[in-house]
Amino acid sequence: MLEKIKFYQTGSNTVGNRMLNPAMRTIQASEDRPNSLISGHRACQGCGEALGARYAIDAAMKATNGQIMLVNATGCLEVFSTPYPESAWQIPWIHSLFGNAASVGSGLAAAARILAKKHGQENAPRIIAQGGDGGTTDIGFGPLSGMFERNDDVLYICYDNEAYMNTGVQRSSATPPAARTATTQLVGDAPGADWGKGKDVPLIAMAHGIPYVATATVADLRDLENKVTKAMSFHGARYIQILVPCPLGWGLNSSSTVTAARLAMETGFFPVYEAEYGKVTSVRKIRQKQPVLNYLKLQRRYAHLTGKKADPNVVARLQAMCDQNIKNFGLLDDDNTEAAPVAIQAFERNQSV
Amino acid sequence: MKKKAFAVTLDPATSLSNHTGSWRTLRPVNVFKLPPCNNQCPAGENIQQWLYYAGEGDYEHAWRVLTEENPLPACMGRVCYHTCEGKCNRGFLDESVGINSVERFLGDYALEHNLGFKIPSRETGKKVLIIGSGPAGLSAAYQLRRFGHKVHIVEMGQEPGGMMRYGIPVYRLPRNILDAEIKRITDMGVEIECGRKVENIEAEKRSGNYDAVILCLGASISTNVDIPQGDTTSILNALNVLGEIETKGDIQIARRVAVYGGGNTAVDVARSLRRIGAEPIIVYRRNRDKMPANEEEMDAAIEEGIQVKWLSTIAEARKDSLKIEKMVLDENGKPKPTGEYEELPADAVVLAIGQNVDTSVISKISGLNMEKDSVVIDNETMMTSVDGIFAAGDCASTDRTVTRAIGMGKHAARSVNAYLNGRAYKKAEKHEIAKFEDMHPWYYTDAPKQIREELEAARRCGTFDEVQKGLTEENAVFEARRCLSCGNCMECDNCYGVCPDSAIIKLGAGKGYEFNYDYCKGCGVCAQECPCGHIKMVPEQI
Amino acid sequence: MLKQIEGSLGVAEAVALCRPGVVCAYPISPQTHIVENVGKFVKTGTLKDCDFLNVESEFSAMSVAIGSSAGGARTYTATASQGLLFMVEGIYSASGLGLPIVMTVASRAIGGPINIWNDHSDSLSQRDSGWLQLFCESNQDAVDTHIMAFKIAETVGLPVMVCMDGFVLSHAFERLDIPSQEVVDKFLKEYEPNEYLNTSEPISMGAMVGPEAFTEVRILQQRKMARALKVIEDVTKEYRELTGSKSGGLLDCYNCENADLKLIILGSSVGTAKDEIDRLKKEGINVGIISLKSFRPFPYAKLAEAIGDTKQVICLERAFSFGGRGIICPEVKRAMEGKNCDIKTVVAGLGGRAIYGTTINGIVKNALDGKFTEEFTFFDVDASVLNSYTQKTEGVSFPNGPICQSQIDNSVNM
């Protein structure tokens, strides 16, 4: 009877709860969670990537009974987790280069498969390749696309913090318009990153027709864990892009990492959905819709949009972008529009004309 | 493996030797805030804590926590005006938690399962006399008995319970419930001697060798007003009416009765009279907004067809009508006579404008300070101006509710215990109150309040059956689980989950969490994402 | 077993005999025939328990190889020229990680201008990449060297490039003696990595190393190279004993007894040179040939021994360093430090310009006649081609015959 009654203090919104049936708690809630990425790593205070990586990899570990091997692209995650002489990884892990994580993953998956076959093991360890948005959407994009089209048995996870943070916050093709980076500074007539540039890798991944593509954020752990678990139930190429706010790069308080990710979802700025074989199968609905300004206000990279000298047109344009996402993906329950994802950039380009 | 490469290959989890806690400038600490419900409860119940166990389905544990402060939960779950719910932070989200209904569920559960209080493991040999067996007296007796003191209550009524028996109508508090909860106290060894009025308290204390006395004699006399009276209109007082209905089950009274007053007693009288077939009308000098009676009770009265004459005073009582003067409220909300009059047909008037303490006995105690009709007590120790004589309940308070009496009885007992041990009693200091702004409401889900079923209004008029039913177990658990756990941990695992440094240790079910300061970098994500506002960041001492 | 087959097929068969677990391929001439054949073997089941991946670039080919080798599989790939350059970042990563990948480089010139024909500028550009570079003088040498390369790589813990001249060897049909599977299995045991990624004993490979240990990591890599000198010799010895082959080794001497002049040559030109030397011998000219098999590690001591007290050495080089001089020559000078020996570079055979017997003949004659007055000379120059441009644009012309560095310098000064 007790299990039948919903736990209405927080439902499924918190990490776990003493009253929930253990099977309904998140993996992160358990005392014996894998902690694949363990304490002592050198990530900045409040690092969203450290959080996202532990969330995702722990979920994959749980889904495969600990049979995970990792490939890491060069970047913050690599640097803060494995500076000689200390590694923060508890599981097999390799770093080779900035742009080759997907291919190293393909090779490792091939080796794992062959070795398992040779040794008569039924299941080979599963491979996850991971990197930041720079390593994924830019420099590692060719290998990523190659891994996708070959349908290699690799889950690629992009920890998206929307710029090159490791090198000092430079623009990547995942940097949203109007955002400040070191290479898109807040000077000139159109401060921040240009409009109409960048690429939407989840949609591009879907266009490869691979078994599974999803987006997630560190603000909805259950959703993230479900997606990683689901991804591990498929064989072949899979892609998950996780929004991981970067306090340093975004100009956030270190305590606001999860809050910022939540606002990215609740504003529609970062649509959270999943797709199988190129078709969107579900979207994470917005629970409490927020205006984009609430999201921008948290971040000094958008300081020019919230002060006295702010250009209301730019904010309106960002709001329109969010609204477009909400419409395209059907992020609000009362929105009956068919989910028909279109790259944000297509929308922007359309707007620029 | 044969040999690992130097430096390029590392062993797993070796980062544990890097104590990143040294980066910290702010440190997270747990703060234990006082939930607004607990703060509001006149009985000082630890509401949040017993809701916590109730939500888990551990009703006995919940009941034990509840009865630490209040020995009469089945009664209180019925008659308490639950001002706690008015302060509940959940009210900012949807509706306040139905604390009172869960309390009743727990009280009924305990009765159903014959849960008893623990008999004190040792006797202190000290004796305390309590005058009056109302809620204050019972509460004090219960608490003193838990300390191992011998308690003797002298009650002037024929049965124990005070106002709970002689003031509160049966449809609100069935007497079997009251009896059962009193019996549980006497089962602990508390003696109640009924039907005797102590005429000389000091002599009684001496002759009985009591170490202390607590006055809990209530406010048992209805306040009188002088209404110019014609020939025969009967003017009765509320306590007599309620008392007679209680003892005889009926009262001989005219059909059209004006109940004069706007407090809870007025409503109780009106609703009781309705049940014996009369047509009561409440006459009150102010409007509904200013009415002190409990809102829910008033709603029920109106549902039952009881009429109210607002902004009216009785200027004169005639044979079969009343001369009513219309009032207006001035800018301070005070009623002012208008000089306009009207007739109100009525055969009788029941005065329900307040109660007074029977000072006939206590005024004889030498050196006992009184103010108006209340015994003056030290707010901290509950002691009167006479050493060894304490007071609690309506006789020492102007806030005359059952719940308040229970709270006062508890404090008086604790103070007596300190007194008997030669110590000065100090009430525990209150923690900072948990404000809604301290919480993280996004995490809470929407959950409609569970409503207790009520007897249909049409069926209420002919019977004293209890109006309000209890919650089902399912609804009670649901309701308990709606608690936001303001300011205190509810073990939602959020801090444990959101720490990017895995620097929070989960100690296991019911044990909470610990910060691992070896690795905590002080980012503050845990504090920001704690739904309850249970974590605070404080500057690190260098 | 003797077969009359294309060099690429021979190499493919040799690779298959080594039972690689993963082979990845990206097409680039002139190595394509090798991986095409390996792919066929995998598909037909001739090569079992092998994953063959068609990747989207050489960068990914090397990356897949890194992944599979780190995963504990014997790994092979092949490339050439631009492809090698495109994988350079991975090349360094593989050696830094100590992964025993074997890769064929079907040597080809580097563009621009784009040129698909053979010289040594591709592999020699990777001189400092931390890979072993073994050069093959014939297709038989290539077949045998590939088999030895796996054993050398896995023993040393470093990747190996097997450099065979593009087209000249890769596309040449020759009679080849392919060892039997039984023999190869006896020679080359199943790969047992020093370390590899697996879930029962997790490790973190590829850590970031700062100034506190980087030098030491490099010294340890240098030690592996030092050890490789011995390993190459030991493995060669073992292989030769098992198969009767003459392939492999750090270097190979031909007609070196009492030679007046010694030519140091890498790759297929050695064969041409041997024939010409035999002819010259009949003329009474005694020239020795040192076929340099291992460019990295460079066998300084062994080379000094091979040169002995010969007073004149010519390095025939098929690549050079722009703005500098030869690539092999400085190494030889280093080997002969303090000894009275005249060592010079003669560049020939760039971008597929054929090295004939006459070329060798000319070099020898010029050398013995003291015509190579400088350290650095381009030998097989077509002055008319050069002059057709320089005369028109700058009024500069070069004489027919070899062009030495001072001529180039002076032509600029004019």
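We call the chains A, B and C, going by the order they appear; numbering starts again at 1 in every chain.
The working rule: a contact is a pair of C-beta atoms (placed from the backbone, for glycine too) under 8 Å apart; a residue touches a chain by one contact, two chains touch by 3 or more.
Everything numeric here is computed off the predicted structure, so don't read it as measured data.
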| item | value |
| --- | --- |
| Farthest-lying chain, centroid of Cα atoms versus that of chain A | B |
| Chain at the geometric heart of the assembly (C-alpha centres) | A |
| Geometric centre distance via CA averages, chain C-chain B, whole Å | 92 |
| Chain centre separation (chain A, chain C; CA means) in Å | 45 |
| Euclidean distance of C-alpha centroids - chain A vs chain B, Å | 51 |
| For chain B, residues contacting two or more additional chains | 7-8, 10-12 |
| Sites on chain C at which at least two other chains make contact | 97, 196, 202-207, 209, 213 |
| Chain A residues counted as touching two or more neighbouring chains | 81-82, 84-85, 87, 89-91 |
| Chain C-touching residues of chain A, taken from the complex the two chains share | 66-69, 71-72, 78-79, 81-85, 87, 89-97, 99-100, 102-115, 117-118, 125, 142-143, 145-146, 149-150, 152 |
| Residues of chain A touching chain B in the complex | 1-2, 4-19, 25-26, 28-29, 31, 35, 37-43, 45-48, 50-51, 54, 81-82, 84-91, 218, 221, 247, 253-259, 262, 287-288 |
| Of chain B, residues touching chain A in the complex | 7-8, 10-20, 23, 55-57, 442-445, 447, 473-474, 477-478, 481-485, 490-494, 496-503, 506, 508-510, 516, 518-519, 521-525, 527-529, 531, 537 |
| Chain C partner contacts - residues on chain B that touch it in the complex | 1-12 |
| Touching residues (chain side chain C, partner chain A) in the complex | 21-22, 24, 49-51, 53-57, 59-73, 75, 89-90, 93, 97, 196-199, 202-210, 212-213 |
